[in-house]
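Chains: A, B, C and D, in written order; residue numbering restarts at 1 for each.
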């Protein structure tokens, strides 16, 4: 019982920290910045603010607060994302076409829902298990949208020929640091345990812990760098079909790709668009904003390959959760390390995103949370500089279509040991 | 000289009236409303505010104010519309993706340019002829954008499931008025004069006055009404190919058209989306927001036809410029009349938009003003309830592609007399 | 009565000549050539053979031969072209996907219908007026498809990297002839008569003869040549927006046009794909296979303009119907002339294709023949080297969308006299 | 040595059998049927005939026959499929637009290459290992195209409203047979061996044999039937989003799917288009021509799931290669069995098509054979009634994008044992 109160206290603290962090992310924005959606994959910041709030309203308040009614009833369908079992979602591609409700109204909506959620705790009783889990899920859901807020703001700004800067001080002086020589960590393989039965929190797609057979392999001690990727480009990496998967090659031709998403060559000098505007490319930093196809092509060109997600997880299972994460990005925290770490860039693996053996399926709308995306996507591991620190772990599975590039996505090389 | 001062005074008065009217149009908008572009044909209100200002800057200040430099230099290319001879315009379809400069910055830009323009007058000298004409052109150009502001705001709001209202009091109670029985005005034809050599102001596409041979014809004393159009719908007008031009029929099938743009049938009752939200359809009002294809199909179904633009102009050459125009819409001015009038809806003619005989071509960027659009567009005549009163005249030629419907566009029937 | 028999005899002679000429056109083809459709605008040769036959079956035999039933009942809907009032036509874009009925079956179908049509004459009676007109219309309809057969075969072959030759001897040695200096024919204008009330045969879109007011103008004595068009290209004609209509410029950018359809530059030498394969470009020949947009841009660049269709007709009303026409192309007939002539290339005019004043509308399916295409198309005049000699006349109106290039289409310059 | 001769004799026998079987497949076609390509996924039969021949020419004769030059030099690039490292392939989507070379010329090309290949054997020497493997690969490659010939002919015919029949006698009377009740075969799991190191022949994507950990599972003793699938349809299977993967649901909505590819409901009775034309649906036959998305949705609706490819292979490793295969289809051989068999329909598994652990990559153009397709495709197992009997085996991996339906593709249910 005392224990329970502690558990509740920790939850409410986590709730308030997370809700507040979202507001800190949007703090540098102008009202006009909240509404734009510059491609179908991104959502307007206003939508993220409202949708994460709607999630608490729909799945927590409606079911667990007797007599509760929707705060912005009319706007409700606008903030559903993809839950087909609830009322039909508003088309994703049109989120940037909606000027009302205003930013002010959405911020008020957030406050109103926060007040209600906090009210649930204040009764002094312990929360029942179901309610506890739903709020915890809502927090982790909002953390996912914190990362999307950062990547979407970056993409939205990159389209504007004025090249707005999100926050000048974000430019990390440490980017000029030297990079360690690539070294290989070796693993013997055999039967290993993948996934988790975590009692605290993990997503359905990480469960359950299960056995998996691995052959011996080695994995790089750090992600591939901009400098290494530049060698690939200069060796005609983007124009030689032999490096590419067939779908990747088609994408390169169709999209006219010749560099990572935000690279630009101006008068022979390489630049990269960042959250602080256009900056000279730093060769020692991990390459970022590449698609799976590019990661795979680079690895093939290198003579190596991408790790499977199981190899990656096996290699990281004892690595502490430290590295360049959202808090560093936001608050200019410094992080220096020669050790293998989480963060900086998500790392594409060679594993399509599929169901784990022995896993169960959640029922109802939340059953749509992860499982229904298990086709045509690839797993990424490790978190990025836009991932909140207490959101990431070794078993965490991120996933995107293989042609997506607007996330902070890079790669780490692997190879077989025969 | 005294005369000249008067001419200048009138011009500056017209300039200030027009610039101010634009601000009155956007007065009811929230900041969020200024940025959205809900289809490629519309532009964000912010863009209209900036573009009309850019026009004065580019064509008046840069050429006639020594030492002038662009006020928002970086943003300059964002507000060019289609002048290929100037610096490459920003893609039209992406105008809604630009959050900076902000609304505040654009309003400041307007003020700064206004100050400069007014400064040109204050020197006490007479303006040279060229400068005078350019400012006058800029005023008429802004008037065109006033109409587009109204139609674009209406379209932008219609997409939002919350169906925002632009201005409640816009709903004109007089819409319930009775409608006169359709009567025919008869004309004998022969050689007539079309177009104008107007000394005061007319667009290049109205010039010069020229002879045209007309056969005897008759034209309706008022536009076709919602009630009449409803009969067409109820007689399977939209599902019988025989009513339609081939391109029109393809459009009907592809776009799944079955009513004018803003009509909706809810539980058997007809409604129309208006600038004041969704309202019951008023049968005695002119049908509006139809394409040329629909106007043409309705006319064919009626057993009549659309007038040519020459027939229309011949019939209207002695009609005073009165009717429901922008000022009525904006300030809820009342206008009641049984006479043939301008305004309420633009009227599609059967005439493709082409060059007049004997016309000259303007040189330079302004040569692109009208002539380069002379393909695949149809002429509309008469002005609408969103047209400023001193912008319209009997010789005025408006033009749109035959499938466009977001303008206040209707029709007036005509027939041959044999 | 004797007279009538003569009229019938002439008709049957014309019928047999025309039906036979179609077979001569396809004589050089392999069976495989009959089925392909290499873009949506062209139709497979097999389809042309069947469709022209279906026309006689549908509009003549079904209505005027008691007890007649369709010869290829199942295939009937495949050969309807666009008559929506009849049974729904098979999608135009899929005509090349249909392997059955075979070429043999279609040729048998032609023979069977020929036998029936000829049988109508053999009864010795005079044909009633309606029947006579329908057969005559069918003949002129088939002549239109003879031209399309030539242009479609040419386009189909041009796609094949093997560059097949339709008929080697088609290459006209006379193409090396010199070209006359451009001269202007002058006309005074005033009220003229346009169109025809022809008793013999004319299409509905040429009727009726009507008055039209013309200003004084001049027109070139010959079409513009490849050599002249090459100067336009070399003067950056295709990369300077100022030459182009707005829609034309968009088309140039989208389609990446930089020359007429069949031109190719190989190692600095210009070639043109012809019905006899790839041949060196002949500078003295009329430029061909250009769109209206290109014709208009070339004319503007030249400092002149295209003629209106009324100017063209006025200038040609007393010119004899002679020139390079289908029979020359097919049978290598020679034609040499310094006079203004018909044939060689269709000439784009500046006139959108619209209804003539005072014209009536045909009823029923044949009412769809021409009128329903009166939007977004431009008029061409004069016939080409693929037009049958007795199909063309001064009042004849051909029409295509302004971006089409696979017809033998060129231009003749005009200018105003002030 | 004697042994070697036998090996050569067996190879040449296999070569001739295979090349001849291809000709038997196209024997019922008209010349017109050889050229059509009714969607981008299918190829014209003529192309299959030429491409399989080109494969022998390019990879065997050019490299192993001194002085050999291409038989149809000009046409060479037309018959390359996707080998980017060789000369640029002709666009896949345009294969149906090529009328030359003719069918006759392609058949002559086949004969000429056959003569050359057979000539390689007649020297009495043993073939070197490399040459032997390439010919064997060419044979297996041609077998793959035999299946595609059948599925492409079926699709091509299905588009034609005349619904041609490929071969009347193909209709298998045994289809009216009863179906066994679904039974489950149980497996204990543990470490199993997947893939093969086959000395005789296997594709690179099946290699090498490797360890894989399996949990206990059960698999159905037969594929799901039309009757069972009909229950899914009647239970609103296609309109309930909860059954579907997200990408699958989007596909259902976009493509308006409501049944398997060839099903049709005419006046309340279900039919299926077959190689013998439209036939009443047989409920006891395996459901066929469904996409992975449909197979997955059906399995989820059933309360089960699809097997992984490893489960499938484990279950089939001791099953003899018997069942309804191409020879049955072609020669109306009867096959009746209650046992678990290969053939009839390919079975979608839940496994994305990826690289096997420890596998090597082939070098050169043949390195493109399979590996470059390892993204966005799903594995199918077991062969169909269009698969040649000596082409299929338990380790064989077929793969298609999850939305493809024109193959003979169905499913077999599986479930976990906990």
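Please note the rule applied: a residue touches a chain if its C-beta (ideal position, glycine included) is under 8 Å from a C-beta of that chain, and two chains touch if they have at least 3 such contacts.
The chain list, named the UniProt way, goes like this: A, B, C, D = Ergothioneine biosynthesis protein EgtB.
None of these values were measured; they are calculated from a predicted model.
**Q** What is the chain whose Cα centre is as far as it gets from that of chain A?
**A** C
**Q** Measure off the straight-line distance from the CA centroid of chain A to the CA centroid of chain D, and report it in whole Å.
**A** Between these chains, centre-to-centre, one finds 39 Å.
**Q** In whole angstrom, what separates the CA-based centres of chain A and chain B?
**A** That pair's centroid distance is 47 Å.
**Q** Would you kindly tell me how far, in whole Å, the mean C-alpha position of chain C lies from that of chain A?
**A** A distance of 60 Å separates the two centres.
**Q** Enumerate the residues of chain D that touch no fewer than two other chains.
**A** Answer for chain D, listing residues that touch two or more other chains: there are none.
**Q** Going by the touch definition at the top, which pairs of chains touch each other?
**A** A-B, A-D, B-C, C-D
**Q** How about chain D: which of its residues touch chain A in the complex?
**A** Touch list, chain D to chain A: 82, 84-85, 191, 210-213, 215, 241-242, 244-249, 292-293, 296, 350-352, 354-355, 357-358, 367-368, 372-376, 402, 416, 418.
**Q** Once bound in the complex, which stretches of chain D touch chain C?
**A** Per the touch definition, chain D meets chain C at residues 30-38, 74-75, 77-78, 90, 94, 96-103, 156, 159-162, 164.
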